[in-house]
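Once you scroll down, you'll see the structures, which are given as structure tokens.
You will see chain A twice below: alongside chain B first, and alongside chain C after that.
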Partner chain A sequence: MNKTLRKPWTYVLFLLPLLVLYIMFFIYPMISAAITSFMKWNGLTEPKFNGLTNYKHAYHDAKFWDAVLNNGKFILFSVFVQVPIILFFSLLISNVKKLKGLYKTAVFVPSVMSTAVIGILWSFIYEPDIGLFNLALTKIGLQPVMWLSDSQWAMFSILITNAWQWTGFYIVMVLAAILSIPREIDEAAIVDGAGAFTRATRITVPLIMPVISVVIMLSIAGAMKAADIIIVMTKGGPGGVTDVMATYLIKYGITNAKYGYGNSIGVLIFVFSLMLTALYQVLVARRVERVEY
Partner chain B sequence: MTMTKNSLKRSIPHIVLFAFLILTLYPFLFVLFSSIKSDNQAIASNPFGFPASFHFENYREAWVNAKISVYFFNSLYISTLCSVVTILFSSMGAYAISRIRYLRISNVMYQAILIGLLIPGNALLLPIFIMLNKMEFFGHAVLGTHMALILPYTAGAIPFTVIILVAFMRSIPGEIEEASVMDGLSAKGIFSKIIMPITVPALVTVFIINFIGNWNEFLMANFFISSDNLRTLPVGMVGFRDIYNTNYAQMSAGIVFSILPVMIIYAVLQKQIIEGLTAGGVKG
Partner chain C sequence: MKKSLLVSSLSLVLAASTVLSTAGAASKTGTIVIRHTQLGEAKQQRLNILKDVLARVSKEVPGVKYKLDGVDSDVNRKEKLRSEMVVNKAPAIFDLFGGSDTQLYVEANRLLDLTPILKELGLSNKFISLNEFTVNGKIYGLPIGGYQEGYFYNKDYFKAHGLKVPTTLAELEKIAAAVKKDGKTPFAQASKAAWVPLMTANTLWSRYAGPDITNGFSTGKTKWNSAPMISAFTKYQEWVKKGYFKQGELGLDYAEQRNQLIRGEAVMMYDGSWASSVFADKAQAGDMTGKVGYFALPAVAGGKGNQTYVNGGFSNGYGFSAKVKNDKKQLAFVKSFIKNMYNDEMQIRGLEADGVLPSMKVSSTKLANAKVTPLVKEIIAVGNKASGAFPAFDSLVSADVNTALSEGIQKLIGGKVTPKAMLDAVQKAQNIANSDDDF
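Up next is the complex of A and B:
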């Protein structure tokens, strides 16, 4: 028995293809990004060590902080706007007797679609002349809005699209958690005379706090990753007001071949994501006791 | 009286939920209707309703003139090939990690691969771009060819795939292997004849999830490939939009082409897709 499943060469053979790819596309890029982030490098000449210059440059660039702020808007929008909506609808779906499956299947649809295609679809909806929104606005006698080219509305329009794509995904996650709560708990509360609202706020929500934590953590991760939706809908415009860290990185690193500077932004994305996750864990998640039932 | 009050009370949640469903699904319907309208004028005069006349030629024109067919088959073969190779390598690796008796090394490997899930993909976009720029494959530069997508797509799905497969393979009882060893099977034989067939449900799930992920991927496809004939569907669609943004009817037909395959897969395999996506927490 042990001999058959303890042959070093077999072990190596089975793991090798996986490890080669993993080292090539995860470990090596991570290390090379970290190292070249301290270098001046345009891809043509030899990279030159320049200490913290790239990071200082990012620190003093107002455009970079605008991009960071936009990542922050993504996070704030999901925590304070999306999460309540997600909670409301998953509670609602969990309480209906019929059509649960239909609701669950239907709300999930946008999250399996390509973000790029969703971006195209929504820029059609936001189109100034024949888009849905402006046709509706003019029909009720209001002024049309230049959704994606007005710097006051552009970021908001993107946030709406992003929320539209992912709300259903989280509803399904939270719904699964609600449905896994044993029925007896709810029934006991009904016997004690608790109304639907009291049961939702005093029993269901506290019991699913761990899943809400997961939703918030995934929202943070998603916000740090956001890029394709912005490139497709506004290309960071107008005038850079919708740039996020990732599109800022692409602008410098790939389009203008500032490899060293671009990589320092990549490192900052990684560090900021870790810091936010850690901060959330310390400030919020630790207070949420894990409930076993 | 109480009957009607009760049934009203029971239907309010459904009314609210239906409103939410319409909000979620209406954009798709809007595109579907627009795709068979004659032109922008027809869309603008009747944006919400059913088309007055059907113009299916939008589909033919998008498919042929706008080269959606080329992009479609590029996406199809790249997504399929990468998902298959990811699964092949990952199941071999997952087998070694979960079943071959080098537990301490395996544990280190597993933890190392878990780290891959923590790295925001965008942070690696540039170093991978630089690496592919320098890399050559049989004397050809990799950047700008399909290889520049195939390699990172195949590698990128590894952490998620390995984690799902290791979890599944660990749950297979050891007695099955013991019996197979008695029957004279080698480690390779156990893998291909015993473990893989048992793992099929998990393999289907990760295949679908990876396929959809590759099919939808935009950033690398946009920046690693420049030649029009090599583009994948999402990038081709964006290019199409930038050129034909005056013809929304045809553009809608293009959107339908790119959404339809995923819709069909989702209609058939929604259970696996929902489970796989929410379990992995792989949000795009």
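Up next is the complex of A and C:
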């Protein structure tokens, strides 16, 4: 058996099914999308080469840049609001003595629910008349807010819902990292007279930085491909103010039957994601040292 | 393990899985998929009709299995069917809109030419109008019913407040002002999907700019940003500013619109005749059952063209995949489907159970004897009184113009754009669609 596995063609044979699937569902669509992104194509008739027209249109379309900006908002909200909340709750739960399992399950539940269910659920919470938030606001004498229909609030409302869905998933990840830190390190710090805040910021957080880095990376990836929650809650509305790149692609590519243009947007999403990932790797991820206890 | 044994066993697994997957795919071709949009309580009757038709078809064409595939109408029309058409994997039978949708699919040879089938079944002259499904003289779809759009209103409220059905737009606005003063919402509306507010807008612009204006947009003969069009949308925005629609309605789903009327929160609602069945069903309409009336959007003083035209037509029905003609059994199934779905019995049943106006020339005796609700009678009466009908704008303009208009109306309701700026943007999209610079 060992002799067999030393033969290179055996590896090829084992890798072949995966390789075929990878080429079929990733490499081929990517190349085909890149090619058709230079074409005028309604998806039904013969595509015609139109050079950089699709990209030029995207460049000059303010609505596309609004959508890019909304992806940016997703990323910024994830990194600067969601991640600190994740850290705070992870630290809190890790120090709970009783019912730790219950807390872990409770925060994890939203991430196993489907986005459609969450979108509908939160639409009830945001309902203008009988929604939870507006009932609370009117109870304390404030004006109700048109959460999903006011262009000033719609994006923010979606960000909150998205954060609610995924925070629990990341908390469980961070919690696992916190709980894997050897107890002795914490105990030594207590003996040295370090308080809870100092231990959290000087010991726990630095030790779990690799996991936090992964959480940030996953948040960025999630933000770049966000679409489902928006489709369920606002359909990109009102008037396109909650469109992100993916919903823009659906609207202007599929709905408008401009598949060439849609593919050019797909390529741009790919390029932007690649650039962001590279930037993050160079600026942040590489600086996070590997932690060994 | 011997090398040869490992290789031969692996090859066997690969070969077996390939054969099995091919066999699975082959058995799937025997199942006909029927894509419908009859989802939810309000469309239950229509789903029942479809199921009964399919039961009859199964008896006539034994051995063909079928599967119902229900999808939301808007999602099917704008996303799912469109994507399926691209990869040429549309179901054998599907919900189809006439006009620009049908035209697009015909250009790509995706739709079955129904002309010879209709001839064979003796149905060629049985439909009131197949214009929206006809391309180059051939028929590619069959409307399941007709529709008409107008105002549904709370009859009790009108009576209690001494209000009369308006005959001019000025009278309608007077009623709206009185309703608003009374603390109610004059017009029920839920605009999360832009086609909902565009129903009112479509008729309003046809009153101001003439019922034929929409026909000219794609040829460049008429302009979106012409003066009468701006007047129509200015009027619309005036209603928004006066609070004639519920605050926050931009975030509400279409179904919420009728709930505003049912709850008594709103007094009037602009909607299609398809909504009438809700007001005949106690489970859905509650205390409002049988208490809803109907009138057309009234005439605009100084408006262009005939002011009695209604927004109506025969734009939604079933289409069939062109691939069907290559499979004898599937073709037999489709023929039987058309025969059993498109006949006097089903048309009357649709009218009686669901208020769907007939799309076929049903015998006048049968029509007169049909047990329809007073609301449906009112809708038919309004249609009979009209001098003609104009189709909904979305069957006449391309998808990108529709998207620009959809974004525009939501921005207009949100107060983010002026009518002129909105219509300029729509005209810009129309210019691109009309020109060779289209991308």
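Following the convention adopted for this analysis, the second predicted complex is superposed on the first by the 268 of 293 C-alpha atoms of A that agree within 3 Å, B and C clash if a C-alpha of one lies under 4 Å from a C-alpha of the other, contacts with A are read in each partner's own complex, and residues count from 1 in each chain.
The rule is simple: contacts are C-beta pairs under 8 Å (C-beta built on N, C-alpha and C of every residue); 3 or more make two chains touch, one makes a residue touch a chain.
No experiment lies behind these values; they were computed from the predicted model shown.
**Student:** After the chain A overlay, clash or fit between chain B and chain C?
**Tutor:** In the superposition, chain B runs into chain C.
**Student:** Touching A:Lys40, do we find chain B (first), chain C (second), both, or neither?
**Tutor:** So A:Lys40 only meets chain C here.
**Student:** For A:Tyr126, using the defined touch cut-off, is the partner it touches chain B, chain C, both, or neither? Pick first, second, both or neither.
**Tutor:** second
**Student:** Is A:Ser151 in contact with chain B, with chain C, with both, or with neither (first, second, both, neither)?
**Tutor:** In the superposition, A:Ser151 contacts chain C only.
**Student:** So in the superposed three-chain picture, is A:Thr234 touching just chain B, just chain C, both, or none of them (first/second/both/neither)?
**Tutor:** Only chain C; A:Thr234 stays clear of chain B.
**Student:** Touching A:Tyr259, do we find chain B (first), chain C (second), both, or neither?
**Tutor:** So A:Tyr259 meets both chain B and chain C here.
**Student:** Determine, under the contact definition given at the top, whether A:Ile250 touches first (chain B), second (chain C), both, or neither.
**Tutor:** In the superposition, A:Ile250 touches chain B and chain C alike.
**Student:** With both complexes overlaid on chain A, does A:Thr53 touch chain B (first), chain C (second), both or neither?
**Tutor:** After superposition on chain A, A:Thr53 lies in contact with chain C alone.
**Student:** If both complexes are laid over each other on chain A, which piece of chain B (80-88, 224-232 or 260-268) hits chain C?
**Tutor:** The listed stretch with clashing C-alpha atoms is 224-232.
**Student:** Can you list the residues of chain A that meet both chain B and chain C?
**Tutor:** The answer is residues 1, 4, 10, 17, 43, 123, 129, 250, 254, 259 of chain A.
**Student:** Show me the residue ranges of chain C that touch chain A in the complex, using the header's touch definition.
**Tutor:** 1, 3, 6-7, 10, 14, 78-79, 82-83, 85-86, 104-105, 107-108, 110, 191-194, 246-252, 398-400, 403, 407-408, 410-411, 413-414, 416-417, 438-439
**Student:** Residues of chain B touching chain A in their complex?
**Tutor:** 13-14, 16-17, 20-21, 23-25, 27-28, 30-31, 34, 40, 43-44, 47-48, 88-90, 92-93, 95-97, 99-102, 109, 112-113, 115-116, 118-131, 133, 151-152, 154-156, 158-159, 162, 177-178, 181, 185-188, 190-191, 212, 215-219, 222-223, 233-235, 237-238, 241, 248, 251-252, 255, 258-259, 262-263, 266, 270, 273-274, 277-278, 281, 283-284
**Student:** Note which residues of chain A are touching chain B in the complex, please.
**Tutor:** Contact set of chain A toward chain B: 1-2, 4-8, 10-11, 14-15, 17-19, 21-22, 24-30, 32-33, 36, 43, 89, 92-93, 95-96, 98-99, 103-117, 119-125, 127, 129-130, 132, 135, 164, 166-169, 172-173, 176, 214, 218, 221-222, 224-225, 227-228, 231-232, 245-246, 249-250, 253-254, 259, 262-263, 266-267, 269-270, 273-274.
**Student:** What residues on chain A touch chain C, complex-wise?
**Tutor:** Checking each residue of chain A against chain C gives 1, 4, 10, 13, 17, 40, 42-45, 50, 53-54, 57, 63, 123, 126, 128-129, 144, 146-151, 154, 234-235, 237-240, 250-252, 254-261.
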